[in-house]
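One chain, subunit A, appears in both complexes that follow, with subunit B as partner in the first and subunit C in the second.
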Partner chain A sequence: MTQIELRGVQKWFGAVQVIKDLNLTIADNEFIVLLGQSGCGKTTTLRAIAGLETIDEGDILIDGKKVQHLKCSDRDIAMVFQSFSLYPHMTVYENIAFPLRATRMAKADIDKAVREVAQVLRITDLLDRRPSALSGGDMQRVAIGRALVRRPKAMLMDEPIGALDAKLREEMRAEIKRLHVKQGSTTIYVTHDQIEAMSLADRIVIMHEGVLQQVGTPEEVYQRPTNLFVAQFVGSPVMNVADTTIRETGGEVAVAVGGTERGFPFPRELLSKLNGHAASDGIALGVRPEGVLVRLEPADGFLPVEAQLIEPLGSFDIVDLKVGKEVLRARTKSGFISGTGEKVFARIDPAQAHFFDKASGRSLGVSL
Partner chain B sequence: MAHIQLKNISKSFGAQTALSRLDLDIADGEFFVLLGETGAGKTTTLRLIAGLEKPSEGQIYIDGVDVAGWSAAERDVALVLQQYSLYPRYTVRENLEFPLKPKIRRLPDAEIKERVERAARTLRIEHLLDRKVDRLSGGEMQRVSIGRAIVRKPRVFLMDEPLSALDAKLREALRTELKNLQMQLGATFLFVTHDQIEAMSMGDKVGVLHRGRIVQTGTPQEIYNNPRNTYVASFVGSPPMNLMEGRLVDGRAVMAPKTFELPLSENGSGGAGTGGAADGRPLVFGIRPEDLHLESGAPVEALVHDLENHGVQKIVTLRVGDLQLRATVPAQTAVAVDQSVRFGWNPEKVALFDKGSGLSLRHEA
Partner chain C sequence: MAAVQTSGERALNKIAIVAVLIITIIFLAPIYWIVSTSFKPRNLATTIPPTVVFTPEISPFVKLMTKRSQLREQPTPEEYAAAPWWERMVFDGGEKVVRDGRGDVQWSAYPSRFLNSLIVAVTSTVLAVGMGTFTAYGFSRFKVKGEGDLLFFILSTRMLPPVVVAIPMFLMYRMVGLTDTHVGLIILYTAFNLSFSVWLMKGFIDEIPKEYEEAALVDGYTRMQAFFKIVLPEAATGIAATAVFCFITAWNEYAFALMMTNRRAQTAPPFIPSQVGSGLPDWTVIAAGTFLFLLPVAFFTFLLRNHLLRGMSFGAIRK
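Right, the complex of A and B next:
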């Protein structure tokens, strides 16, 4: 049972503020992913929770108790890093048993704990090997085993699979998730890879320049990003963002992109939901590639556009569509559009459209 | 403008064989991607063409001329690497001018100016021309490196993982830019990468390299839809193609009798049409995650082992006995971990591989 809470945490490195007024509550058993680019303060946050970094202001609470003045060894938290940091002269068994040696646990109990962890991680047959004889994935499993064996209150992981190659990373991702489901310890996981975050997290915490941008489940973050940064950071290919003009003519509402005469038709509610923003031109339209609908034949509400570059990605294609001066990327079935230069028809699915204030980047919260 | 041919190329470093009997044909004006894991021999191939290494055996032709005796400079190729290797103390303009100002054969100043400006316009770095290189972001630096290759108007562009060091969003943007650039210049590009998404999205043709040999060459669609063997099948595509061992019995794929059997189509893409010949023979069946369907009435029962949310879709890992299979389903699909589900596949899309050799039956025939 471990609940972790951050209250008004601030941290400076010299004149640079790396964490700005961070408030976050992590529930017992939750898998939280801190997501952001390098330099956004995610690792510093993790290290502050572990006690490897002091904070300048605010409180860090573990199970309701302030811990910011405790040493990291007194916080009962385990950490796994990207570099495996195993003892090269010890066997896998000794490496996993190492954290228990100092606890005066009976030999038989240690043995039991090590074998249990090894079984969970499926490394039982590697116990007698030395780290140098292991593959990257196995080394990281051992490092995770060493962290788990103590049964810590919480697990903190800093890009634990960032150094592995793509295939192995996919496998380890599933394993870490599975392990969490089984062990159920509160976990905080740091990464810059949005796919990792989407697939692992119960909730994602997105940071940018030391400021928390959004906290939410993968669905929330993907479907209702609070600002342009989150919108373009989560999802691949990135969300299309284009300047728009919203016009009303004869009761019809149209959203024009790239300075075109005709706009994409939208339901009338858009105007009331935009709440007066409609008149100004400080609005950006955001739409994910799957929200751009494409047809080969003209149809109601579809505008003629020209297909430019086509990226075949196997199970689907990403097609660049020229709309006025802008390019919108659409996701289509593979081979749907035969070639560059083809004239096709597109519309924007109002249910998948997002509207942002251009100046502040904030989402206007319109959902149709 | 150049047509590149590699004939029967082998290269060893001491006892280590990097490439063995490699044949490659890159047409003029083609965007050719060499795809492979670390150590597959991609970079060695590139360096052989550039003239930085000599083959142990075989010939390299550029436009039909054997270039064995030609130095790197004479081959007139441009190399762009993952590391930018720009001159940090020079401005962008000076970096771009550099290759045009050799001690001999120096170009006239007007011509240099014209070429630098055109390259800058193409790469949209005009506003950076007077900035020092150490003041640029990663993406800008990589554009300058490409610019330095363009100004020389080389016959061939060789690129060694130029996008690997950039972050995801920038990589996506530069992918499009590079492809557009290649179409605009109409030049021959040889692009090396370990990233199958880059290969699929940019290549006119993709060559899959494995342990120093070309396993398959084809358009991205051919490689994806009709992989030559199980290696290509599991290397291209994310998540990779599901592979399961089984036998062909009466036109059905049988992984485990009764509990795990699925129908095949007579004239399906997997070449199940070879019918009788393959009957009873140990095979590996391959199916892409998007061709597995979860349906209540479907033939096989499985347990949901893991669930990954990718926004537009979910990736479900199913467990059938000891086997794990991946299926991609729409984001709205309601499934939970440890739930029991039933699934089927699209019989038209099953690929059949020989269990021993791993070769696709279609390619074998």
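Right, the complex of A and C next:
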């Protein structure tokens, strides 16, 4: 049982505040991913939990006990670094045994524990090698082994696979997931890669400029982003965001994008859900490419648009559609639109549309 | 470099090799001279032109190690026959070995001066490198207030030739009774080497990623343990290179050793030339003393040559 809690954590580097009033509760066995751009404070948060960084205000609690004044060696937490940080002058075996040697464990027990972990990570045949003789993936396995061997209260991982190439990254991602399912320990994982975050996390914590933006399951942050930053940070390709005006003519509600005369038809309940915001023009429409529906023939509710650019991505195409002055990116079957410049018809799926207050960036919480 | 060399490049290469050879010869010539002189009979040491072909003998080393006096009269055949082989060499050179009342051979001061050199150089090297490593670690890993100024201050102690402070140092040493003591020389040489050691070690420790220590901290070790278990082994190359440089400086130091010591703690450098003045200068004995004196540094440097190479090229390549 390991529960980690951050209460009102604040951290300054000189005049720059890198963590701003962070509150977060991490449940036992949970896999939490801290996601954000570089410099958003996610790594500092992780290092503060590990004890490598002091905090200026607030509390860090592990199992209900305040630990912010404890040295890292007293927090019983393991960490995997992006640079792997395997000790170059020790063999793989010694590297994995290193944390156990700090505990004055009996030699035979250390040996047993090291071999067990090596077996789980499939690195038994590498135990006598030096880190310099290992591939990137194996280095990371050893680093994870070194963290696991002590059976720590929690595992912290700082972009552990960021330094690997794309294919290996995918492989290790699956392996980390498999390990977590098997070993089940509270894990905090830092990354700037939203695909890693989506595929690994039980819950994602999105940070921006030291401020927590949203905490939620991968589905929640993808489908119900709380603000423009989250909406545009999570998901690839990026969500379309466009200035919009909402008009009501003759009982029909239309959402116009890019200053066009005709708007995309939306159900009437949009107005009531927007709750008065419709009148102002400080509203931005957000829609993911899969929420932009495309047809080759005219149909009810579809507006004529022009395909400006087609990016074939194998299993699907991303098409830039010119709508008035704006460009909306749509996701189509591959080869659906034959060439650029073609006139096609598009509409926005109201169920996949998001509305944001432009001034604050906050989602207006409309779901249709 | 191109896979195929043009004739111009080949010619340049040859010129470079010839140049290196010439420079090497120029550098090695004095060492050859010393080594060859230390094996020459006395009458061949000062011939003009220099004697190159001769039968090597070890009589200079025998003379170096013993106290001798001029022969007033030739030894009797019985005396000569009773003398051990090395003493006959001394007789052949027109001298005799001094013996005390009980007939025991009197040794020269050279072995004890040599030992003094070893004690002073090794101790001051260990101290300078040890303190330098700790200091460098502190500067490298922690935010030190006024770090730049402090480092500059440390460096500034090397900005004037040490001899400039010789007289005040001598007066102070005399006042506190440190003249002609091992401790005095050790303190002096440690102080000379410390700034160099701090700066060199800081460069090496800066290169060790601090994540290694952080990993050790998270793995349950204290900072001190992390320093000894992780930083020291990683810095071994730097420590070796720094130690060689400090050792050479302390081993070869002449001016202060000459001034501050005269008997008990005197090191070999001031002792070897002091023999020039007593009686007729015997250059073979001086060469023999110098040759033996060169050996420890040559041996030490040879042992650590790989580290040294890295030490020299250190910082030249950005990783």
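By our rule, the second predicted complex is superposed on the first by the 368 of 368 C-alpha atoms of A that agree within 3 Å, B and C clash if a C-alpha of one lies under 4 Å from a C-alpha of the other, contacts with A are read in each partner's own complex, and residues count from 1 in each chain.
The rule is simple: a contact is a pair of C-beta atoms (placed from the backbone, for glycine too) under 8 Å apart; a residue touches a chain by one contact, two chains touch by 3 or more.
These figures come from a predicted structure and were not determined experimentally.
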| item | value |
| --- | --- |
| First, second, both or neither for A:C72, with subunit B first and subunit C second | second |
| Partner chain in contact with A:Y87 - subunit B first, subunit C second, else both or neither | second |
| First (subunit B), second (subunit C), both or neither touched by A:A133 | neither |
| Which of subunit B and subunit C A:A351 touches, first, second, both or neither | neither |
| Contacts of A:F98 with subunit B and subunit C, given as first, second, both or neither | second |
| Partner, of subunit C and subunit B, that touches more residues belonging to subunit A | B |
| Partner chain in contact with A:G51 - subunit B first, subunit C second, else both or neither | second |
| Subunit A to subunit C touching residues, read off their complex | 50-52, 71-73, 76-79, 81, 83, 85, 87-89, 98-99, 102-103, 146, 150, 156 |
| Parts of subunit A lying in touch with subunit B, wherever the complex brings them together | 37-38, 165-167, 170, 173-174, 177-178, 181, 192-195, 198-200, 218-219, 222, 232-238, 288-290, 309, 311-315, 318, 320, 331, 334-335, 340 |
| In the complex with subunit A, residue positions of subunit C that touch it | 209, 211-212, 214-222, 225, 230, 233-234 |
| Complex interface listing, subunit B residues touching subunit A | 37-38, 167-169, 172, 175-176, 179-180, 183, 194-195, 197, 200-202, 220-221, 224, 234, 236-240, 288-290, 305-306, 308-312, 315, 317, 328, 331, 337 |
